[in-house]
Each structure stands twice: as structure tokens, then as C-alpha cells.
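Below: a set of structures, written as C-alpha cells.
In what comes next, subunit A is part of two complexes: it sits with subunit B in the first one and with subunit C in the second one.
On to the complex of A and B.
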């Protein structure tokens, strides 16, 4: 809709290099991977998928992947949501402490972090020593090479991705809103439930989408903390390409994982749009 | 304050501090192990020594990997800063359709499985006959670093008054000069925080790199995992502790320049 006198909008040209780059080196390769999993363009066959979904072991892998991602996300929300408030309320050195403990662990790579957790979680490790010293248990609790250990490590790596988006919406909250509600006689539970929670929903959606998609795709953490016994889609992808050299299986599993991630992205965008429309 | 409110506040502070401790555990473990005299990761260490730091120089492969990772991270972050700023300007200032879609697209690699991006890129590069591992790694790492820059710069630009650039032009500056003199200073905090996050994300990337490396070009995370699987010893803790120290220095400098608080505009 150009009106006379209005300048033609040429700003899109600025987006061309970035979008072009990702189209050629990211979207196109992913598209080709998708085509290859159907054996296109030479033929069209869904046999790889029939084989994949016909094998109960693969359903077990999918279930492992989804369950560990869901548990990781749930725990991240459980501790990340209150922690975001603590970060927002804190001042001075306390705030510096919070910020440093969010940013500094990023300097230790996931590989080293996961390995550090194996030291903490092993049966003669610090955590078991502490549990026994405090009298919670008489003999070491098996933590490493279990799903509990995996969730322990995964939440540790991903919880900043829950705290940051929630914190960024808490910061925008107008404290006068809660005050006004209190003055008008609303109880604290009512204020939280009807005012604070709804206003932080965009941050919660962003955090859940972030953590869930990262946890779905995690590879290094389960490899080090659980190992081969707990197969996830990512581990199956790496195994088929790097050890089995089975590219057909690899590309099929890759597409399955890709579809899960796309669903998370699309669903979170849709939910965020819905929330925006309601407020 | 009612009892309920007090309890809620107490719970928030307790969880907040507990999360801080929880987040720092891997760092404490790493630093403690790096000064241990024992080669088997005993905690607390039976006695202290600097032997793993001394071993760093003589261990083959570590320093080249560190240097490769730093190079890849610097170059890919640099490319992403340029591409990300241009795209963010277009999305914030433009009035063309599909701007939200572009923004989602550019940020999407952050939420996509790294292994899948890595395989897809590897097969594509093989298909077109491209075999250089070094540039392959850079190409892949731009995909991972770009979302960090795009998110932060876009958020920062949405608060920027673009008429300031027109004002600078009216005062006689050419368009590129006006952009450099007016826009870049406004964006520098965003550059600092998103650049740091992007740099660290590239340094830490395993899933994409694993498909793009070759025997002579191994990035640090790949070298470290390989080493851990073969015969783990605290040399890795020593190299990681040096990286922690380096990040502390960067954070202190950033705090002086823009304030730590702005670093979380993530």
C-alpha cells in the first residue's frame, strides 16, 4: 500500500545477507536432509520411517528423550521461577552474586561441567559423603549412571535459560499494580494468582520453550552422566553417524528430532502470540 | 506483611541462594580438582599441587585446540555481529511484511538440535565438494552465534530513536558516518553482552563441531571429551580453571564498562 510521497521501503535489503546466509547454510541443508530421509529426489520411499517406527526400541528412545526433557523443564521451572524473583528483588553485592553465578558457569563448557557432576555424584563422591554424614542414608545412593543423575546435571546446565526470560519480564512489572490491588483489599495469593502470574506468563513460555528444546537435543550430558544404557534421540543420531556409519538410520532419527524441535518452536510462538492478544 | 507473604519471600530468597550454590558447584569442583595432587579426582583433594598446570604445556593437542576454538569463536562472533546488526535494523526499522518471520528464523538455530544442524551442514558441504575443516567450522559456528546477537541487538534497537540518524545527517554527516557515530555507541552494551554470550556458545559448541572437525582441526570441547573418554586426568580441570579466570577478567571489565546488570538483557 504505497501512498504517493511515501518513500519506497528498502530496509529489507539489510536483512538479505543474514537471511541469505542462514537460508543457504542452515535451512537448505536441513531441507536436503529431510528429502534424503525420503530417498528423494531419486525415488520416494517412507520405508526408513516404517522401519524406524516399527521397532519398539525406537519408541523407547523417543519416550526416554521426551521424559527426560519434560522432567528437566519441570525442575527448571520449579526452581528457576522463584530464583528469577530473587534476582529481580536483589540489590548491590547480592545481585552481583546472582548475576555472576548465572554468567560465570557458561565459561566452563558443557563437557567439563558434566564431568564435574560425575565427580560429585559418584558413589564415593561429595554428595554421597554429605548424605551419609548427615545421616540421610547408611550406604551410598546410586546417582551416577541413573536418570536422577542426568536430571541433576541437565537442570544445572539449563536453568539459566529459564531464569533469564522470566527475570526479563519481572523487571518490567510495575510494582504499583500489586500495591494497588493490596490497597483495594486483595490477599497475597489473589495478587499472585491474578496479577503477577499472568503478567509473567510470556517469560514462562519463553523459558519453557528454551529449556525444553535444549533438553530434547542434549547429547554431551547424557553421554557422560548416563552413558549407552540410556539412549536418547541425540545419542542415537551420533551413534548412527559416528560409529555405525548408517546414514539412512541417522537421517531418519535426525528428522524425527527436528520435527519435535519445530513443534516446540511453532507452539511457543503461537502461545506467545495468543498471550499478547489477550493482554 | 502477612505470614503468607513472609513465607513466600523466605522461600524465594532460599531457593534463589540455593540455585546460586547449585550453579557454582561445577566451578568449585573444577578449580579444586585442578589444584589437586591426586590424579583420580578425589574431593576434597588429599594434597595440593600445581602439577596439572605445569602439565598443560607438555600435553599435546590442548593448546592448539584452545587456540583453534578461540579463533573460530572470534571470527564467527565477528561475522555474526555484522550480519545480526544489519538484520536487526531491517526488522526493527523496516515496514515490509514478514519481519516477525525473519526474526524467528534468525533466532531459531538456538532452539534446533545442534547435532542435526551439524549433520545437515556436513552433508551439504560434502555435496558441493567443500572440504576445508577450518572454514567449515566457522560457517557452522556463525549459525550458532547469530541468534545471540540478533536477539539482543533487536531488543536494544527497538528502544532506539532512528530520527537521531536523520538529525546527524542534517548536521552534515554522510549516512555511513552517521550510523557509526550515532548507532554504534548506543549498541555497544548490547554488543558486549551478546558478543560475550555468542563467544562462549561457540567456545562450548560440541554437537555442530563434531561433524565438521578433522584430525588436524579439533576444537577444545571435542579434544576434552576425547581425552576424558581415553584417560581422564585433572589437566582438563587446569585448562578449564584458566578459562574461568579469563571470563572473570572479562566480566570485571564489562562491569566497569556497562554494568553487570545490563549483561542479562538476554
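On to the complex of A and C.
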């Protein structure tokens, strides 16, 4: 007798269009890029990597990239985690308002946003005028063309990618779990630490993975808000291809960036799997 | 039965009211429950029984009135300061904690020492007869096991009262019946006061010391299962608990609480107080009536002529359905042998003793 499990699994058909598209337009060029960094097809050599890691300037770029991505992720978590609860627990028109204010900015291009921020951030901008009017500072604070300005802008762009995964986990959270904990004698803080936080960890992991990998690879925001003054791996890639005409360098940096992203994804998958195994 | 409990006013709800978006859900409700008693809140969905339970637990605020537990007003306290135990309909076990950690949760939240917590958890694992699954996660448990863990988790911190919100509704019939008996004896052994919400009348009859039958935000009747069944206080209670056949009648005379009622041409006697000429409903339980050949009914019984319509075999008994003179349907429990000797379409005498007659105000036709 045939059980459903013995039937031929044809699920792959559903994946075929996506896989085909990604193979031609993503995997293939990426593979060629990878090969270019090893100086193939002429000769195999890892000298490009030796050169890259031998240059302290590149370490400075890596550190810039990691630090700004980490700070962006941290602030997104700080702002996005409570916001996700507000979104999930609000009702009616308030929730609709929250959702719109979350989704709508995504449809405004980053370039438009970046120029809008410069209005706010520049030395005679709104923020500086407010700070001076309130007496926090006598002279304008330098915000634009600094890392502070960069983080300010990046958090703005990426915070929805933190809110959304956390929000979807909260929505699946049975409200009776918190109620059960309350009736068992747990105060609100205890309920948060022992029930709500552990059960929303999968959303936090997904949000961190999203924001961190996006922030690692961001190019437009640092270019527009800081410029050459603050180099990141993405800017270095663009510079290698566009100005230096050095394909080997460009693909080498691209591979380094790719490895960082892979580490983030693999680590988050592993963490998520560990969390899931416990439930 | 109630006198067996030392504190008859252990849990008191005094004129408790609750509205949701302008709709009154509970209307000046009063309820007193004795210490150690098992009380069911029974009623159809939307009658306010779960609302009342959640207000006792502190998960809902009262709009008006007070709730007192053991002499202390608790209606203003947050749930974690009330010392109540709640078993939720879906059990609400913490999915990221093991059975042991689930049961220990309340004890730890109250700051119990580790050794004390472990000893209590072990005792409760024994009590629910599940010592081997302590390290499993809830998702690996069967429905019956989950329910036992939920009960153990609620009881472990020694609550002053246990509140149960339809805890059997997710179990299949066989398991449900076994769990009812098991839970009842466990709670009796522990001597804990329990309030149990259900819409299942059989469940309420099996489990309860007393039942509060609720309808549209008020308690229609509060009493022992036997009294609720035997002497339903209103048409609603009559319809909601057990089955009954109802005949329309008119009061012919009342002398000293004894009524003579005309039911479709037959004269029927019953106890009650009604003005002459009042329309009444005569209600009868299927097990209270017997069937006889016309003219051979026992002396002193009420009789009405009925025609046999059909018979439904339900195992130990057969329910015979008759049509009375005004077209009302009459269901009577008979032994299968007896029912087998009756002829479909033939006329018989349905008889019952006057003290088994239930009388309610009827609709004027």
C-alpha cells in the first residue's frame, strides 16, 4: 500500500523558477566574482587576499563596517523591540497608523530620505537649531559627514526590518501565557524576563540577522551621509571598480563582505535552531 | 451538603457588574462559595461565566461591586497578589519550559528556595502520576498529560482557590470522563476551593458540590446538582439541564398549594401557587413517567392519553416518543422489553406521580 510519504516528492517544481532565476542572475555572477579574486582564469593565487589583509587601511575599513553595522543593529533593537509590542498590542486605528508609519517610509527611496536628513542634520539644520534654542549647545554640533549621522540615518532605514520579525513573533504569542504567569504570582517584570523575552528570541534573532547583514552591505547611506571620509567595505568595492579599475581588489573585498554576511546568516540559523530545539 | 464546609462565605462576589463596550455582561451578580467547595458556573456561551472567572483571577477588572476571598477584598489587587490558581482552556503551558520548570514556575516566582521548590514539584509529579515526563517539553505531551501538568502547575504554589476554565473541552469523551473523576478526587483530597466554568451540564452534574446556572449575566439558580435537576427554578434551568417534555395547561383551582390543572382535557394535580385561570407549563423528566394501557394507570397518578410515534434504542434503555392530545411531544424512558411490546400508532396512558410534576408560568395562547 502506498502511503503519502512514499509518493514521489515533487515540491522541487515549486522552487524551480526561483532557483533558476537565482542561478543565472545571482549564483553565476557571484561565482565569477569569486574566481576573479583568485586571479583566475590566468593563474590561481591568494595574493589578492594576502595584499588585502596585509594593508592596515583595509583593517580600518573592516572595523568601520563592523562597528557601524553593530551600532545600527543595537539601536534598531533598542527602538524596534518595544515598538514591535506597541504595534502588536495596539488596536483599531492606532494599529493601522503604526503600520502605515512603518511601511510608508519603505516606499520612499533612500536617496530622497538621505537628502531630507541633510536638511535636519546640517549645521544650520533643524536639529542643531533646536539643540541651540534649548540651550544644550552654543555652537552647532557636527552631525552630517560623521559616523553619528550615518547611524542616525541607517537606523531610520533599517528599523522596520527589526520591528517586522519581532512583531510577527509577538502576534503568535498566546496572551494566556502571560496571564498564566501573572496568576502564578509573577509580577510584570518577572513575566517579561521569564516568558515574553525568551519566547520572542526567535524574532530578535531574525531581526538582528536582517538588520546586521543589511547594515554590513549598506552603500548609499554612507556615501550620501558621510562620503569618502568614512570608508566601509561596500564603498571600497565601488571605489575599486569605478575609480581604481581594479577588479581583483573589488572582488576580493566583495568576497570578504560576503563571508561576513554568511557568518551572520549561519550563526543566526544555528541560534534559531537551538532556540527551537528547546520548545 | 453545604453545611459540611466550615466557612460558607469564603469567596464572595457582591453585586459585581461588568460591561464591554457598553454591553452589560454581568448585572449586579452575587455569589457565595464555601471553603473547600467545588462550584460550577454553568451556562451557554456569552452568559458571563468566563468573565466572572477572569474577574476572580484578576485578569479583568470589576466595573462595580467587590470580590472577597477569605475575608480579604481582592477585587482591587493585580493577579499576582491574589494567590489564585488558574487552569486555562488550552492549558497555556509555557512552551519553552520543561514540565518540571512549568510546575516550578509559581513557586519560583514567589521566591521559594531551590530545595523546597524541587521537593514540591516532585510531590506534584507523583500526585498527577507523571513522574517520568518531568524533563519533557509541553509539545511532547498528550492532551491528557498537558491537562494534568496544567493542574499541577496551578496547585503547586498552594493557591487559596483554584479556577478552571473549561479544562476538559479539548479532550475526547472517554479521556474526559476519566479525567473528571481523577481531578475531582485529587481536588477533594487537597481540600481546595474550586470554581469551574463549563457549558457542559453533564460535566457540571458529575463534578460539582453546587452549580450556579448562569444566563445573560445573572445567576438563574444556585444549588446542589440534585436540586438543580430535580427542582429547576426557571424555564431556562429546566431547558438547560437534562431533558424534559412540556405540556401546556390552565390552572382550574388552587387549594392550599395544591393545584388542579387542565392539560388538553385531562385533569392533572401538582404542588404550587397559581391564580385560577393562569396558563402554566407542565414539565416532566423522561425517567419520571411510565406507560400503561388506557385505564390501568396506578391509583393517584396523573395521566394523559398519548399516541406512540417512534422508539429510539440507546443501549440500557429505549426512549419512546409519544404525541400528546395537543400535539406536544413526550419523551419517556422505558426498558427495551417494555418498549418492544408497544404498538406504533396505538393510544396509551402516560402516568406520573403528582410530586414529580414541574410547574412553570406558561405563555398565554
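Just so we're on the same page, the second predicted complex is superposed on the first by the 269 of 279 C-alpha atoms of A that agree within 3 Å, B and C clash if a C-alpha of one lies under 4 Å from a C-alpha of the other, contacts with A are read in each partner's own complex, and residues count from 1 in each chain.
Methods note: a contact is a pair of C-beta atoms (placed from the backbone, for glycine too) under 8 Å apart; a residue touches a chain by one contact, two chains touch by 3 or more.
Owing to the predicted nature of the structure, the values given are computational and were not obtained by experimental measurement.
In the superposition on chain A, A:9 makes contact with subunit B only, not with subunit C.
In the superposed model, A:97 makes contact with subunit B only, not with subunit C. Taking subunit A as the reference chain, the count of touched residues is higher for B when subunit B and subunit C are set side by side. In the superposition on chain A, no contact is made by A:46 with either subunit B or subunit C.
Using the contact criterion defined above for the overlaid structures, shared-chain residue A:86 touches subunit B, although it does not reach subunit C.
By the touch criterion stated above, A:17 is placed in contact with subunit B alone, subunit C being left untouched. In the overlay built on the shared chain, the residue A:26 is in contact with subunit B alone; subunit C does not reach it. On subunit A, the patch touched by subunit B and the patch touched by subunit C overlap at residues 187. Subunit C makes touch with subunit A in their complex at residues 57-59, 78-80, 82-86, 88, 90, 92, 94-96, 105-106, 109-110, 137, 139, 153-154, 157, 163. For subunit A in complex with subunit B, the touching residues are 9, 11-15, 17-19, 21-22, 25-30, 32-33, 36, 79-80, 82-83, 85-87, 89-90, 95-113, 115-117, 119-120, 125-126, 156, 159-160, 163-165, 167-168, 187-189, 192, 209-210, 213-214, 216-217, 219-220, 223-224, 233-234, 237-238, 241-242, 250-251, 254, 257-258, 261, 264-265, 269.
Chain contact summary for the complex, subunit A toward subunit C: residues 174, 176-177, 179-187, 190, 194-195, 198-199, 278-279. In the complex of the two chains, the subunit B residues touching subunit A come out as 2, 4-5, 8, 11-13, 15-20, 22-27, 29-30, 33, 41, 43-44, 82-84, 86-87, 89-91, 93-96, 102, 104-106, 108-117, 119-121, 123-124, 127, 139-140, 142-143, 146, 150, 196-197, 200-201, 203-204, 206-207, 210-211, 220-221, 224-225, 228, 232, 236-237, 240, 243-244, 246-248, 251, 255, 260-261, 263-266.
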